[in-house]
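Scrolling down, you'll hit the structures one after another.
There are two complexes below, and they share chain A, which is joined by chain B in the first and by chain C in the second.
Take a look at the complex of A and B:
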């Protein structure tokens, strides 16, 4: 057994941040965590009640423990509706990179349609040589690919950074319009090649089979690059709230474009200028003009633990854990600060680090019990660096709603409570 | 738009197996799949019923479509009990590599205990300098790691290969005691280092908090290598049937050793010779002796589609899709045959290919409508090759129950029906 190396415990940045080598194989042996598992009382010799009688039988489709019932998506609807709104992933309660499908965020414009998959069809038409018309059985015969990919609503996080005074709520309530799943489906390029794309086509229109008939325009180049006709999510068929039986999936692009319940793809010469790309999903600038067609989600990260609602129990060792992602590629590095941004330590990234996926980052922190401000910033392999809130506001003002990716600072009080601060 | 390259459509092996380059970026453009999406009838101009009224509201914790209700684990119990038995993952209904937690296989010895996580404790004792006693909150403060890992019961697949005559059932019924999840937890080595391992210790005993108090002996070297105290499964806390609130997880080892509902780890000089490693989980040889302590699961693969119950609709293009895994490391290659093993083509592997994880493999196949025998064989990066059924029986006879990893052959009849054959 190797001993504890003082080297491994070297501080990597101010106010107690330890070096990420602790997360490498056997590195954490150096922690000497000490006080966390002390035998303060003799274990009871009596077996707990659940060891004194047989447990529950096997089941066909399992459920979580009732002790986890409080882990829920927060939901919010436009007044007067119950199906036009959002639900948010409780990021503060999750670990790893996969979001359970039952907790994937939602954004619906007219609720979740209950579609009979045997009656659902996908039409490919417009500027093509051969219009195509698929039922789900024929679509499922094509070669598929699987990728672990994040999906983020472009409206995510704006409440966390664009209010005049910082709003404290859970990490999920502030940043939970982002989730990550393994998606499996047929590359859209396969189907478009079969249809035969007319050289005059430069865009596609994608339409959903919900009551809103949600439509978006997508550049043909993206459709031919890495777009998927997704049929499976985390191993099983898509969930209804994620587009069952088939959705478009555009890796790295704002979530609204990955049209759910996909029923129609029309190839067009120009964008179709639908409601969702004119009256909505545009970024209002200080001079009154709006940016349109701002597709990729920019590099971003957030510390999910500690975060508001997860109070620290007292001074000592804690894991800082969070998520980073970029619509432009792989996360190259995440840095963590425990002194309000004065000094930064490189966080450990959980392998594999995949393009356009969530990446879990972690750091070990010895909290000394004094108030502290912790934050993370992500850098992707395009070289893009997550900006500060101040830099974003200087550039775009405070009247835009979409694509906010500023650094999130959490203040840890002397009592261990965590709040949202602008730092 | 690139045209169709005859090169890309070159056969890679006999009886219609196409080259795996079809699964590389844009490679499938060469398929010219043709007949799968023909516009045989004009699409109806009437909107389907689910577009004519708002859909369902957002929910706190989502559920799958009722149209998927038939996708269930098969369950089987020892007569007279309902909690000593198994449930099997329906592999034939899944795609990608992640198994939904609700469909992860089960093997319980006295049912699923309903544990209060606030009352659960983990004791580390025996040959250590400092016994440790953890509640779940203190355990959760340690640095964690996340890995996508398969788990397989060592009794998996024996019915598929070791009956005198081949039994036809679904792929899940024959091979479904294997699943794959993202597991997150604290490296066991961190906790053992903190406890201070006595040099006389060479094994650990792990005990579960079920009514069977399931116990297994594990070499200390494995415990210090890559063993996890797993707290999260696919992003959320462990499911009850997978050991909530904490389980041992031994990557690549037979599932029974990854003790669920973990309550005690005792460091010992020698193995404890428990029931589960003497009367069970040993491999009976033809000479009447038994192999003990056969820990790693060997290299294996199975075609999940086509498979029994998934009949082919007629001649034409199909995706062959399956899973490969090895307890010894990464999958290096999977080969597929459509002519009963006479010729083999290399399958495409879905990235990332991870050590001790499931790996999805796929091949494109033009079925000519004649009876055919399809099969897969996996090779891992230790050089181990999945053996034939005949080779296994020649070596170990037919009286063992565990660690069967023979090549699975499926016969596709002229009517498209799929059956289990010994080929």
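Take a look at the complex of A and C:
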């Protein structure tokens, strides 16, 4: 086999997992062109219609190809409402790490408000020397930072692992309450410093300008550390469903705390105990007590391809592709198994690997056509290892709804169909 | 070192570490009356509760008119969440989390209903109506008596059944600041 690095084609773990070097630098070429794809029809000899007439003109704001229209967020809302609910990112249809803004997941408690940015104000008050109002034009003049960060609803993945029997649905339907964007905004600390933080303050209350006036308490330490008043998402002004004209962004913390449509920040001595941090977003344990203030999202990964709905076409060489993230820091390593967790191979991580961001991992797998269970587990630079479903349930029972980060196992059947299994 | 001075030290360190970024100072000093109009939240210890009052009897009428369609008769649930019941179920196989069985603070109920309910017309009820609804839901949950008036003073004193069953996961150094002091 001229040009093929023998090392890259060596088995790295059981049931056909190949060495991750296959996806690094020269390794990719070692596969040989076309070996990951299948030509489904012979190419036509005639020039296609789009080469025989000029294309359409330029546009002021771009749109994707109409051939991609089927790639949509799935939406679901609470009975009797159309704006209290969720929409999920179709993870199975996306690659790389950045979620297109139009496909970023949503969780609203009372719909998306239509806010006139000229009429919107942010009030900072409470335990400060000077209570201050900021308008959006002024905020835009403050020094800004840009960071690529994931955002995850703490309820994400619970349907994938906390049902009595495994539910099979697309990867996005099961895990799509997570997305990743470049967020640009003003460090919250700059604005708090301007108001003058009273030493008695230890928490802030953040309130949104939606019809639910969504509120959460946040430790002042987090507010002063890396919190952003985000104004831009992926280079343009925030989308309305992501908090236009300004949202709080708390890197690594459960999504609900990054309050959208931010209108008010009140510095307080103690947390305010709002409905969203007591009745909701707390984890009920088997003994009837509940964990509260479980802020950071723990290390997690999921294989996005193959996944339910993306059937394998027959035995051969496939790319396993997935995402890993941690609210505690950077992804240190992702391991992949093709034999139900008996043996593991290290996956290749796509650069850049950033803290509290999304990391893309890939592995090469030679599927022999027999039923197999594939899974991934992530390890972050704090040393946290993504736990098994069984370990989580042993610790927290099955009555909790939030912060489920168990290893996801997909079963590939002999027919190539992929289903959710508890392994 | 006391927790308080440890907190002050931590705070100094944090403030110090971000002092690099300085803003252009464009905030506009807010008039206290404007702040008061914006400042709608009620703390767990009842701080912020406005003047006004109501009883469960008044609340039953307000409930029938503004809430029943979505939350069912006697708060038993319907299209939307049950607001009554579930006490004693939290450690069983089918826990029912309601205001009565789960919520740790009564003041939160006033805060939430006033800011977010009724779902289609938030901020439309008077403070008296919200006190009355709060009284009605607490009465239906067996937490207060039917005739008991709820106002800023009495609501702050209501002790919820699930009050002590929350374990804060946030770092221990912050714990002393998490639980509000018991109202006197």
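List of remarks:
Everything that follows uses one rule, which is that the second predicted complex is superposed on the first by the 408 of 423 C-alpha atoms of A that agree within 3 Å, B and C clash if a C-alpha of one lies under 4 Å from a C-alpha of the other, contacts with A are read in each partner's own complex, and residues count from 1 in each chain.
By definition in this document, a contact is a pair of C-beta atoms (placed from the backbone, for glycine too) under 8 Å apart; a residue touches a chain by one contact, two chains touch by 3 or more.
Keep in mind that what you see is a predicted model, and the values were worked out from it rather than measured.
Of the two partner chains placed by superposition, only chain B is touched by A:60; chain C is not. Touch criterion met: A:240 reaches chain B, while chain C stays clear of it.
Of the two partner chains, chain C is the only one that A:293 touches; chain B does not reach it.
Once the two complexes are overlaid on the shared chain, A:321 sits against chain B while remaining clear of chain C. In the superposed model, A:205 lies in contact with chain C only, and not with chain B. Contacts of A:221 after superposition on the shared chain: chain C is touched, whereas chain B is not. Using the contact criterion defined above for the overlaid structures, shared-chain residue A:141 touches chain B and also reaches chain C.
Contact comparison for chain A: of chain B and chain C, B touches the greater number of residues.
Legend: residue contacts after superposition of the two complexes on their common chain; A:187 is shown touching both chain B and chain C. In the superposition on chain A, contact of A:273 is made with chain C only, not with chain B. Counting contacts as defined above, chain A residues 81, 84, 110, 123-124, 130-134, 138-139, 141-143, 187, 189-191, 193-195, 197, 199, 211, 213, 224 meet chain B in one complex and chain C in the other. In the complex of the two chains, the chain C residues touching chain A come out as 7-8, 10-11, 14-15, 17-19, 21-30, 32, 34-35, 38-44, 70, 79-80, 90-91, 95, 97, 99, 102-105, 107-108, 111-112, 115-116, 119, 122, 165-170, 174, 177-180.
The touching residues of chain A, counted against chain C in their complex, run 78-81, 84, 109-110, 123-125, 130-135, 138-139, 141-143, 186-187, 189-191, 193-195, 197, 199, 202-203, 205, 207, 211-213, 215, 219-221, 224-225, 263-264, 266, 268-275, 278-279, 282, 284, 286-295, 399.
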